[in-house]
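Shared chain: chain A. Partners: chain B in the first complex, chain C in the second.
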Partner chain A sequence: MSESNGSDRKFKWVGTRPIRHDGVDKVTGRANYGADFDLPGMLHACMLRSPHAHARILRIDTSKALALEGVKAVITSDDIPELALTDASGPTNFSDLSRNVLARDKVLYHGHAVAAVAATSTRIAQEALALIEVEYEPLPHVLDLRAAMAPDAPILHDHMRTKGVDPTPDKASNIAAKMELSRGDVDQARAYADIIIEREFETATVHQGDIEPHACVAQTNEDGQTTVWASSQGHFMIRAYSARLLQLDISQIKVIPMEIGGGFGGKTTVYLEPIAIVLSRKTGRPVKAVMTRDEVFRATGPAPATLINVKFGANRDGKVVAAKCKLVYEAGAFPGSPVTAGAMCILAPFDLDHFLIEGYDVVVNKPKTAAYRAPGAPPAAFAAETVIDEIAHELEIDPLDLRRNNAVSKGSQAAYGPKFSDIGLLETLDALRAHPHYSAPLGENQGRGFAVGFWFNAGMQSSAEVKLNEDGTAIVIEGCPDIGGSRASMAIMAAEELGIDVYKVRPVVADTETVGINDTTGGSRVTFATGMAVIEASQEVVKQCCQRAASVWDIDPTDVIWQDGCAVATGDGAKKLEKEDKLVPMPIAEIAAGAARTGGPITGKASLNARGAGPAFAVHLVDVEVDRDTGKVEIVRYTTIQDAGRAIHPAYVEGQMQGGAAQGIGWALNEEYVYDADGVLANPGFLDYRMPVALDLPMIDTVIVEVPNPRHPYGVRGVGEVPIVPPIPAIANAIHDAIGIRMRKLPMSPPNVLAELVRASGGA
Partner chain B sequence: MATVILPARFNEWTGGADQVVVDARDVRQLIRALDERFPGLGERLRDGVAIAIDGEIINDPLFEPIEPDSEVHFLPAISGG
Partner chain C sequence: MARKTHVQTTINGEQTEFLCHPHQSLSEVLRDELHMTGTKEGCTTGDCGACSVLLDGRLVCGCLVLAIEAEDTEITTIEGMASGEKLHPLQQKFLEHAALQCGICTPGFLIAAKALLEHNPDPTEHEVRYWLSGNLCRCTGYDKIVAAVLDAAQSMGGDTR
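After this line comes the complex of A and B, so read on.
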């Protein structure tokens, strides 16, 4: 891997905005998403879901359903292997995942899958669901974090003991784990604080809101080989998880990626695929499973509700001297909330020597949470960035000056451990100050706020192959589902290395048997890590092209360099060719056309576990207008500023910045899971679960800052997740600027804002 | 000798030591050395743990080189959405 970050390099394609290679298929409707795929003789699967938030399953009788004409198979958890409770790899516990796919002894949330039917039509399958008899013993349920942590709380898992507590408790608890991060001596440092502010924050359960519901088709042949067509953020993950859950060899499953209509983290695990595989293996026919919107809300991973307590001490100059944070995140029905990431992010923007952060992972009777864009970071930023803004106001220091005085920079020790290398927080803050929005006049009832966001970004495993066609065009084969325009970025990077037109490169997201392993599209990693693999594979093609040209010219390969898509002789080789009057560059098309005679096809491959993902910082600036009669908050103007390291395709970087901001605005202002007293989700649809639409938002302005990541050949750092981190606190700070009220509970919806306005005016 | 910073959750094995100095050329050697010094810790450091070597976070590394003056942090593995 190159140590150069391309900062001195003159790019031809990097930084341009070509039309995406998959664009025509998308705008003409030809692109095939998960639910678009059909096979002859295909069966349709439907799931029976729990009517209880918490209950023991006493008996399941599927005989009547099986007897219905058109029904070909009915399965329950008895049809999938029971895994040991400790069957885990890294953060994924496969016993829990198996029990989430199909409930085993207990149902743990309303909508938890209990059985599945495969029938000749969806209508017959739904009819069969009503014929499955399930006897439940209802149990008390718990939805609220405080109640779940109480000593007398209904316990979800009798075997669960709180991890991270010494000694290990002998009593079952809903607190799955406690974690701690600390540095210095908080109590001693607090003595130097001139101001101490402690506040508590509460955020609601929200959903990723991916427009395309989860969908797949599975087909199993007579020899036991299964092919799955699925929309996901990682078809290698679908293959590995399904094989592990069903105790199959990975080689028995091939997964073909379909186009994906939104993931945002919510499609980084399995729900339907193992079930479709089992039904297909039982029936010998292809089985299609597609969730309804209702099922997506009830049974696929939301992002957690949280309770966060933050206590900051600062001196008179606004320097934060000590911080204490306590984060409690709901995990849903099984352990594994993103509290660790939240704890690692909450103080990451601050250069701080003394802190203590505690995190608690708590199970409740809601669907198991899944990743959602910078998982865990937005609620953490809501707390820290609101309190830091409050400190600035209390000390009458410009909030931007105060952020700058506390900001981490190269060499600062991140709160989560290592020292930062090149990062762009100060640069984004400076871009904020220079932006005309920062000093534009405000109207009546309007306020302005800003906030900083941080996300680590990931590297992980990627593989890519670059194949040179006979005419000098190229195919890029990689294995990361394209959820944000990454194919265009791969084509740009290959074109840059090969020195050919970007439209002469065809990027392909290949199936699990066509390309080496690629980890999931997540962690803002694809343009960074898979891009690195594409660059290395392209460089291998270039190396081979230079060798072929050297063979043809009969010169030493070290005397050949690559310039603008041509092999060019230099040094002694050039002198030789000059004497022979043959000193002309050899274009890639000529090398490709002659490949058969010079050694055969030219391809380059690269597989890597990418290191050096550059952390991302973003700062968002927002103007709001608050209707004092209704509590409605309108977004009047919004500007996002983000360090992208190097924007390969700036339009798709801007798209990520705008998309993250839009989702963050929805999270801030309206979105929440609403449960009734029985633990039933009351708003499982886009009518009642209110995500922002175009009419709710102004044009979101973007400013890309480029502080190149020194560990990527072009300087790339991930861009997809950090833009969802600052919106909530930025809006909260803007609301305070408009009406003088600090909102510390989400959503900042009209009823909640109005309640605070009434309270502030002395009302009840 | 590389400096290794261990999070508080490993106190059970380290007896409270949060920073140790280890002679190792790569991550595998480092984990072996830590396991010899703190029996049982090695297993905890092999799965689901990310390592930051001189500020760079790497998931699941084993043969990543470690320089004599490297600073190594063990972190929870974070993937993202």
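After this line comes the complex of A and C, so read on.
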């Protein structure tokens, strides 16, 4: 199965399902998450948030709040550095981030943080919020993408000029940036098209819905040294962003990662941490900040609403010959929607020579969007995968045949640029056809659909250390918060290299001072990139063990190999030992026990910037049943098929596939931000923001396909994000199969489906 | 602020006393006053089930119960689920089935599942899904949770303690 990456090795632990090392902590309630940590003398912080969707801040008076018994500090944006508008690194603009953390001059969405209070109890802090006087000048707001792009739209940022347009416009606009991606000649290629289908799609603002609200504790000493205990997807990110926003040295801040209660991209930036740090500095006491669920919905990154126009031309055989796509994504209150990723993904599964993709990043009076699992890809797939299905129906070609006919494979040039190396799209499509679900009979009002999903996956920076204990057990130290079982994967990889039992490896997610820099847990990168660091660090331990054995045996280290957790002499070394009657393998425990005599502790380290994250493809197959009287769509059967490259811990790979499918189902069928006329979010709670519950879903079948990634020693490719990409179009295609109606607007909720049913039957 | 009230109750079989304000919820007191942070809070509005506890054997959201209502009751939390060195079969099956990813909802699911099996030792898949619909999990898609509960029910063979 693994020839292509040169590793046809027999694995002992890779591919097995050991119980996760942090499991008992998590089933007994001992695991400590963001809000579970307290310090003596700790204060509690609460945030005052904007009651307006868009307003100028004319005056803030905190004196009455400060005078309340128990209140120790009140801060506004005056208490944090004002950063230059251009203060950016990579995609992160720190001036925007600073203004999102605490509004400066203007509030840009309902729920935008305006001030923060630290008090001896949460109750007192909340009372103090009511005593802060803020004078606002309300401004017209804009929530809708079309309205935000209109020439007379209320402008969020007076300094904003559309980037990516030549010449730079001289007028402010809500269009933060325009991007373009093209190849070949679309207009000429249209001549070869026998059929052209153009459709418009619309998706709603949705939220990651992580169950744990954002939370942290900060303690700043009199000398400025700061410790932050935070739940996040990246404590190195918390450290770097907080330092940048507060103009501190990175060495002044230590971040200790708490367990993270779900992130899905929503915990890849800072909200509370810089505020808690400043409040702690002002008061000389530890400060804890925990968001309410309402605040999580109103003020932390949702995923964008989108408008997508797709135009595909295909020849009679169903080969797509040209495509034009226009993607408009809402960024929220500050620039930075995932429209570029959406534009790069939308045609990625198609082998296509002529296309033009345009993307627009548009600000609106909603919270700044944050990453959400395969950011930007699900709405793009909704559009492309639905139109492809429509082409198949128009041409009366089997949709799976048509898909295969257009599929990218090794050597194809991806729409977003590079040539694909080993990828598993064809293999997942073949597994789909072979699955019994694909040909099972359907009931009345039921329909079946499938769709393909693509995600790049990321590599980025990781550091790991493997320490051999005196008895031959090992500690793996890395720095990526474990969001879904990655400790177990790290232990498996170390055990595989060291040749010891997986339960003799203890994986640790360490703080920012204990391990080298690790980029954020995101981009489906941890098992791939951090895993690679763990493998390299383990190999370093093995190398040292072989050297130690060589020195004990007094043979050349090149004559020692590592087998099943033992140093084994070979070649001339073996001959020498045989003569001395000493030719026996030296187990790791013996080497560890003797380390003091052979040179001291044995430790391996690796730091890397991992390249070559193999892209992931998934295909989902779904049966739905549509209630024609209510418009309710029931998921009857669901199968996910995905190329994992190599599944290190298959149970947690399946878990990613199932969890991604469930999130995609929620996105498809029910989830949406609902705003009132004043720009106030009307459903900031789990009762009205309707995420799937157990009763909404069937069992979710999983098929793991393994096309090894040649750029990873075991063939791993990221698995976490791609499973959220296919569900929306798969369900839309299934609904069409059931009732003959194409849904092009999300959510495909009962009222929206019913409206289409009524319209189709000629009703009003 | 009003004075605190003295409450006497039994938590996980142990006589416990605490002081609380009238407005404080049971989950708040468990977490902030008694430092039993195994009971999680995801919403404080009774919608996510992360704070599920048993109150006199009845499954409740700790965030919807006032702490003073705990007077003279018996409360079971996640901290009381394992006995000594032995995990409860549900805890063991959650581990074996990889029925948790981030784990924040896990204590609530375990308590809710325990209550289910005490009411109905041999539930169908549908009954498990119905009963657990008060608990939100955003990571797993529920598949492995449902499988773990069904497996635990089987392994317990009706002995639901």
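One rule holds for everything that comes next: the second predicted complex is superposed on the first by the 757 of 764 C-alpha atoms of A that agree within 3 Å, B and C clash if a C-alpha of one lies under 4 Å from a C-alpha of the other, contacts with A are read in each partner's own complex, and residues count from 1 in each chain.
One rule holds for everything that comes next: a contact is a pair of C-beta atoms (placed from the backbone, for glycine too) under 8 Å apart; a residue touches a chain by one contact, two chains touch by 3 or more.
If you're wondering where the values come from, they're calculated on a predicted model, not measured in any experiment.
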_Just to be sure I read the superposition right, which of the two partners does A:Leu697 touch: chain B = first, chain C = second, or both, or neither?_
second
_One more residue to check, A:Thr28. First (chain B), second (chain C), both or neither?_
second
*For A:Val320, is the partner it touches chain B (first), chain C (second), both, or none of the two (neither)?*
neither
_First (chain B), second (chain C), both or neither touched by A:Ile19_ = second
_Partner chain in contact with A:Val509 - chain B first, chain C second, else both or neither_ = neither
*With the two structures laid over each other on chain A, which partner does A:Phe264 touch: chain B (first), chain C (second), both, or neither?*
both
*asked:* Looking at A:Ser182, would you say it contacts chain B, chain C, both, or neither? Reply first, second, both or neither.
replied: first
*Should A:Ala661 be classified as contacting the first partner (chain B), the second (chain C), both, or neither?*
second
*Check whether A:Val339 is in contact with chain B, with chain C, with both or with neither, and answer first, second, both or neither.*
neither
*Identify the overlap between the chain B-contacting and the chain C-contacting residues of chain A.*
208, 263-264
*asked:* Please output the residues of chain C touching chain A within their complex, sorted ascending.
replied: 1, 21, 23, 31-32, 35-45, 47-48, 50, 77-79, 81-82, 87, 91, 94-98, 100-107, 110, 125, 128-130, 132-147
_If we count contacts the way the header does, which residues on chain A are in touch with chain C in the complex?_
17, 19-20, 22-24, 26-33, 35-36, 38, 123-124, 208-213, 259-264, 292-293, 483-485, 649, 651-652, 654-656, 658-663, 685-687, 691-695, 697, 699-700
*Contact set on chain B toward chain A in their complex*: 5, 7-9, 11-12, 47-48, 52, 54-61, 64, 71, 73, 75-81
_chain A to chain B touching residues, read off their complex_ = 89-91, 164, 166, 179-182, 208, 263-266, 268, 340-341, 344, 370-375, 416-421, 455-460, 519-520, 522-525, 609, 611-613, 711, 721
